[in-house]
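Down below are the structures I want you to see.
Each of the next two complexes has chain A plus one more chain, namely chain B in the first and chain C in the second.
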Partner chain A sequence: MSAPVLEISNLSVRLPNDLKVLNTVDLRVEPGEVRALVGESGAGKSMLGKAVLGILPAGLRQTGRITVLGQALDQLPASVRRREVARHVSLIPQDPLTALNPVRPIAAQMTDAMVRIHGWPRRKALARAADLLEQVHIRDVARVLKSYPHELSGGMRQRVLIAAAFATEPKLIVADEPTTALDATVQREILRIIRGLQQETGTTVLFVTHDMGVVAQISQRVTVLFGGRVVEHIDTEALFAGAGQGHAYSRALIRATPDWTRSDAPFAPVPPEVIADLMQEQTR
Partner chain B sequence: MVDISAPRAVVRAPNLRLWVPLCWLTLVGIAAVFAPWIAPHDPLAQDLMLGRLPPAWIAGSEPGYWLGTDDLGRDVLSRLIYGARIALIVAATAALLAGLVGSGLGLLAGFFGGWWDKCISRLVEIWMAFPPVLFAVLLVAVLGTGLGSVIAAIALIDWTRFVRVVRAETLVQARMDYIDSAVIGGASKLSVLRHEVLPNVLPAIIALLSLEMGIAVIVEAILSFVNLSLSSDAPTWGGMIAEGRASIYFAWWVLTFPLLTLFLTVLSFSQLGEGLKRHFDPVQT
Partner chain C sequence: MLLRSIISRLIAVAITLFGVAVVVFTLIRVAPGNPIAMMLPPGATAADIARLEALYGFDKSLPEQFVIWLKAVAQGDFGTSIIMRQPVAELVLERLPATLELALMALLLAVALGGLGAVVGARFRGRSPELGVDLGVGVGLSVPDFLWGLLLILLFGVLWPVLQISGRVDPRLAVDLSTNFYIIEGLLRGQWRLVQDVLAHMLMPALALSLPLAAMIAQVLKQSLKAELHLDYTQLARVRGLSETRVIVSEALRNAALPTLTLIGVQFTFLIGGTVIVERLFAYEGLGNMAIEAVINRDLPLIQGIVLLFALLFIVINLAVDLTYGLLNPRLRHG
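For the complex of A and B:
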């Protein structure tokens, strides 16, 4: 078995008041894998992504180990760590409206990281940016490159951000709920694009989401989080097979996903007894 | 039926707040630069025989003295034109100095936070506790009169304005997602500050610079009014207002025209600031 791209062991993140937003999390993601990270709001899934990227908000304390491609990031000095993360890890952010600098054209924003990380000449970076924009199904590439973010729609901006994430040839991409800020039809298209590029490049993806439908579409394995702790790691297929595999909480999450094809489908929130059992299990 | 296939060109109303002030300030600027060629008379030449001549459209005026003369027979228009020189030099240099110092400190405080922010913010609060005009008078009294000390006094008072605005704006920008994206893309702190934060704060700085130039014109006029600016016979707008005050009942024009010029110039600077802000905003509202 090859070395994991991302290995997290015993990771805890504390707020200034000592509340743990992540509690002794272990996670191992193999090369080429798409790992979904699911949980309700506040489960700590976005925090986990931020910890890997080294952009936790100021004031939070982190303990435990994050290893990317065999390198223990927390052991490195800050500047080296930043360089290593830049070289190997990218982010597809949640909100395409705020993730692009409003006063700089797309071309400059896309090429900056390529030039900085790989030392490519600006012209080569620009050619790669144009190439990737075509791959994310943008028709008018030349115009988009010259545009400012406010001249593009939300879906277009998210495509630009996906192209930018793949542009630096990362080994690992953290996708932080990349479809939640978009409407349903655009969501599906965006998912298809991410999966297409992922399969072509073999990039490992940590896909943060709260949407079980998305999990089923995109991932091979799932990590379920509750209250900052891992509930379980499980193969996506097994979890959705309906054969009673997986934790009761994970199955309840699946049932809680609304079924838009049936107008009479009842809304099924996670039953309180499942949560009570889970909390008891976690305090043990 | 409405044709929706061809998008109509969006006709945006001309930005009056930008262009009207710009016209007036260009006029003042031309007057300042080309004063020796434009001014019909020597601004310092006295002729007691021609004292208190009314403006050209009032009976009893002399040809060539468009806005009349003051008590000592000096041409009001020529003095206004030369006064524009001093006003603009003071406004531009003082605002630029205050802007450089204040914006720099504001960026540092807002971006690095922590001790930087604490030290700079406390300093600003203490500084702002002084009443500004009294502070200026005090500073000039200590530094001595003259163009340099007037500029220094204005810059020393008003850099705090820039710190406050730029710090607040930087705090907002530093929390944006694209800052995180730049950090993940390997940008250093300084690079983030220079390429991501500064361009977004710049419109606010430019708008404030324009506003500050208006304030500098007023403060300079105040200092001239209390005779703490340049030597008393140098043609400054504030000095003219002070002199005109004495003869307001016999020759209203000596006071009125410099006052009007001052008013229009200050108003133009503040409106221009607002207009520029709108002009630079990439998301037009």
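For the complex of A and C:
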């Protein structure tokens, strides 16, 4: 088996009051894999993404090991770590409305990282930016490159951000709920675009989401988190096969996903006894 | 569209200046104190007084005097100073460069000091450097400019006399320039000795004027920076490998600068007002010092000229701020 792109072992993140938002998490993501990281609010899924990127909020303490492409990030000095993360890892952020700098044109924001990280000439970076914008189905590429963020819609901005994330040819992309802030039709389109670029480039993706529907569409494997701990790692197909595979909590999460296609779809929150069992399991 | 906004702007300027003219003209004539009495030696006869009053037009009614003055002003004639017996326009324009250079230097210092404080405070937010900046802001805000002036005189004029405490330039120094912009023209002509001497005179009054504004800038800009640093685009910049300092300086600063710019626009006019007392303190030969002389001597034409010039200055500053705003914020450029 080839070396994993991302390997996390025994990772814990503590708040200043010693509460653990992540608790002894182990995770191994293989090259080319799309791994969904799923859980309810507060399960720690976004924190895990931030820990990988090295952008945990100040005051949080992290123990354990995060290894990207065989390099233990937590062992590196801050400036080296920053450079290594920038070279190999990208982020597709959650909210496209605040993720672009309002006072800088799109072209500058897309090319900056390529120029700084890879030392490409500005013109080459610009050509790649234009190329990627076409791949994320933006028609008027020249205009978009010259635009400021406020001149573009939310969906357009998210496409720009996706293109920018792939622009530096990263080995790993952390997608932090990239469709949550968008409406349903745009969501589907954005998912298709990420999936398309991922398959073409073979980039490994850690896809943070709370939406089991999105999990089914995009991932090969799922890591389910609850209360900062891993509930299970499982093949997406197996979990959704309906053959009773997977943890009771994971299956309850699937049932809890609202079905937009039926008007009589039942409201099915995660049953309290499933939670109670899970909590008992975790304290053991 | 542009033409219309320029025209409406000019109309607003004219109305503002007219309002200022009415207020200042009326106020200084209603206030007690008679300029003629100041001009005549003790024991002057009633006939002497009446003659002088007629000469300067003080025997006419207030509205009549105003119309006469306004007509003259419209033709560029601001009258003659009663005390100095020279045209007001000439006197005022001669002093204006000194005050402008002082105010600009103070603004420069305020932006530099305040900006530095804000960046340091935001960079080390929640840690002791931010506390230090907050303390400095508190002190800067609570001490008025003239008190800063006195403190600086004590520090750099008396205890460690490295700066000049009085005047604008060493009188022994031959000034051979075509304008009164000593620093600007001195720099352009490469007269370093002169520039150095003028700076040694200007630094303390400029610093005194700048400190309260610097404190305000540090406070407001730091808050805006901290708000920007929560937004996703700064997060993304970190992921792309920028250090925290570079995230602040090259990504967040321009966004955070907008509220601060408004503040500077408003406060800079106060700063120019502050030159009056600070120039007095340092015997700096600018408009402010001249304004005090004019008021003490009830030199009505000169007071009017100075106040009108100050009003014009405020208007120009506000215009400049508005223009800079559009330059910084692309959202204001279209539509």
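By definition in this document, the second predicted complex is superposed on the first by the 284 of 284 C-alpha atoms of A that agree within 3 Å, B and C clash if a C-alpha of one lies under 4 Å from a C-alpha of the other, contacts with A are read in each partner's own complex, and residues count from 1 in each chain.
The criterion applied here is as follows: a residue touches a chain if its C-beta (ideal position, glycine included) is under 8 Å from a C-beta of that chain, and two chains touch if they have at least 3 such contacts.
No experiment lies behind these values; they were computed from the predicted model shown.
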Is this a clash or a fit when chain B and chain C both end up on chain A? clash
So, does A:Asn101 touch the first partner chain B, the second partner chain C, both, or neither? both
Please work out whether A:Arg82 is in contact with chain B alone, chain C alone, both, or neither, and reply first, second, both or neither. both
For A:Leu6, using the defined touch cut-off, is the partner it touches chain B, chain C, both, or neither? Pick first, second, both or neither. neither
So, A:Asp112: does it touch chain B (first), chain C (second), both, or neither? both
Contacts of A:Pro93 with chain B and chain C, given as first, second, both or neither: both
After the superposition on A, what does A:Leu48 contact: first (chain B), second (chain C), both or neither? neither
Part of chain C, among the options 24-32, 42-50 or 186-194, whose backbone runs into chain B after overlay: 24-32
Quick check on the output: what are the common chain A residues between the chain B footprint and the chain C footprint? 53-55, 58, 79, 82-83, 85-87, 89-91, 93-95, 98-104, 112-113, 116-117, 148, 150, 168
Chain A residues within the chain B interface of the complex: 53-55, 58, 79, 82-83, 85-87, 89-91, 93-95, 98-104, 109, 112-113, 116-117, 148, 150, 164, 168
In the complex formed with chain A, which residues of chain C make contact? 125-126, 231-233, 235-243, 251, 254-255, 328-331
State the interface residues of chain B toward chain A in the complex, per the touch definition above. 113, 176-178, 180-188, 195-196, 199-200, 202, 282-283
What residues on chain A touch chain C, complex-wise? 53-55, 58-59, 79, 82-83, 85-87, 89-91, 93-95, 98-105, 112-113, 116-117, 148, 150, 161, 168
